[in-house]
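One structure follows; several queries about it will come next.
Labels A, B, C and D are assigned to the chains in the order they are written; within every chain, residues are numbered from 1.
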Amino acid sequence: MSRSTRYTVTVQFGDCDPAGIVFFPNFLRWMDASSLHFFRTCGLPPWRELERTRGIVGTPVLEIQTRFSSPATYGDTIDVHTRIESWRNKVFVHSHRVMLGERLLCEGTETRAFVERGTDGRIHAIPVPEDIRALCS
Amino acid sequence: MSRSTRYTVTVQFGDCDPAGIVFFPNFLRWMDASSLHFFRTCGLPPWRELERTRGIVGTPVLEIQTRFSSPATYGDTIDVHTRIESWRNKVFVHSHRVMLGERLLCEGTETRAFVERGTDGRIHAIPVPEDIRALCS
Amino acid sequence: MSRSTRYTVTVQFGDCDPAGIVFFPNFLRWMDASSLHFFRTCGLPPWRELERTRGIVGTPVLEIQTRFSSPATYGDTIDVHTRIESWRNKVFVHSHRVMLGERLLCEGTETRAFVERGTDGRIHAIPVPEDIRALCS
Amino acid sequence: MSRSTRYTVTVQFGDCDPAGIVFFPNFLRWMDASSLHFFRTCGLPPWRELERTRGIVGTPVLEIQTRFSSPATYGDTIDVHTRIESWRNKVFVHSHRVMLGERLLCEGTETRAFVERGTDGRIHAIPVPEDIRALCS
């Protein structure tokens, strides 16, 4: 079984749209925050430090997939449960389940890659660093 | 061939993250804006008017899927090309392609449903209204 | 001395701009969240409930003023300290101090009014309700 | 008379809150975008280029002040009229007026400084560069 983390957020008034429910891109914001929280919990330093020491800028998303089951509104406290679903050569897949208590709000996957910034200033994917993979397993 | 619309956005400094590129949930914001723009272009009134006249609150997303191919940064002017990929009984699928000139930034689908607000204040999906489907085809 | 509340937020990667620091409008988002948190802590129900029972939609801002002293970045945990600086007839003034530990990040005021939605659908300010003022003092 | 620019934005559904009106921190986002648009219109390159060539990271805000007069909602097209109200030694003051046609939505000032990133990675204010001031007058 892989390691799983929980990231807790309280929904703000400004996170909700005129229908009174969370504007859905905010769920993606929270999944992104939970992804970074996962790596910090596993012992990785902030990206800005990894960039300085190893040239790793972060883990941009390559693909996402999300199913929304139930809405949330401001004042709700929600939990994002995050784990690594699979490690491949150059990418890995995060799985996120967003819960309001026992109720599933949405769940989805993010495919991400570790990237470096080249000498031309552009970013490109690198193979998943072995030590980082070991830390997170 | 189905109708297609184009929604243009200029990327702002605040849309970008510490890596200097668009923070990906913003692409979802723009797809959402392009979805509403699609319906307005087809002749639908704003949701607040449809709610008053017909009880239709909007078209929340049930599922999304997006592949990110290339980053964008502030100052870039991007186009979201939107069409309806399929109509089903209770849902429809939007297809969005986000372009920076000739370069594809990301593309994805959104599955959405038209919803009404019940007397208990909660929203629920309704079959796609025939007249709206006709307007948008 | 008036009542003071503390609202805690962890800065997310996506809250930061290409300079690597919090994009300043987010501080205003957090002050707004802290304002609502203040009222909830004082015993007020969510706005959606106050709208149903008393027609009060919320407390939109009429004026803001903020000084920024020091930046924050993702991973920082910050506290918004909020109180009512003054009550007037139709408005009240919130004071917010945003701290990172002992370091002041920014501080400011918001002038707000309680509003109702009229029969024409538009919102308008009402005198500060006496019972709410009593609850919050 | 100083130079004035106009930045146009169409309000999106997701920019609005449960009261159906623009969530106010978005007005600050648009003023920020209009500030950068002002400098680009005056002939300045993007910040990322100025950072590479001259070490100038941008113009963070030191202080803001805004009065909100009238709400806006999704579908509205609004204009941010921006100019420099005053230049001082280390700071300058932007003035923004946000209009919906002839109707004033909000107006405010931003006090900003040009900043460089020091060798310790932290940013600090520098005197307003004379050539930039000349470009913008």
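The working rule: a contact is a pair of C-beta atoms (placed from the backbone, for glycine too) under 8 Å apart; a residue touches a chain by one contact, two chains touch by 3 or more.
Because the structure is a prediction, the values reported are computed rather than measured.
Chemist: Determine which of the two chain pairs, C-D or A-D, is joined by the larger number of C-beta pairs in contact.
Modeler: C-D
Chemist: Hey, how far is the Cα centre of chain C from the one of chain D, in Å?
Modeler: Computed from C-alpha means, the inter-chain centre distance equals 23 Å.
Chemist: Distance from the CA centroid of chain B to that of chain D, rounded to the nearest Å?
Modeler: Each chain's C-alpha centroid was found; their separation is 28 Å.
Chemist: Averaged over CA atoms, how far is the centre of chain A from the centre of chain D? Could you give it in whole Å?
Modeler: Averaging C-alpha atoms per chain gives centres 31 Å apart.
Chemist: What positions in chain A touch 2 or more of the other chains?
Modeler: 13-14, 18-20, 23, 25, 29, 32, 47-48, 58, 73-74 - these are the residues of chain A that touch more than one other chain.
Chemist: How is the touch graph of the chains shaped: line, ring, star, complete or other?
Modeler: Topology of touching chains reads as complete, every chain touching all others.
Chemist: Please output the residues of chain A touching chain B within their complex, sorted ascending.
Modeler: Residue list for chain A touching chain B: 18-19, 21, 23-26, 28-29, 32, 47-48, 57-58, 60-68, 71, 123.
Chemist: Going by the contact rule set out above, which residues of chain A touch chain C in the complex?
Modeler: Going by the criterion above, the answer is residues 10, 12-14, 20, 29, 32-33, 36, 40, 46-48, 58, 73-75.
Chemist: Under the touch definition given earlier, write down the residues of chain B that touch chain C in their complex.
Modeler: 13-14, 16-20, 23, 25, 73-74
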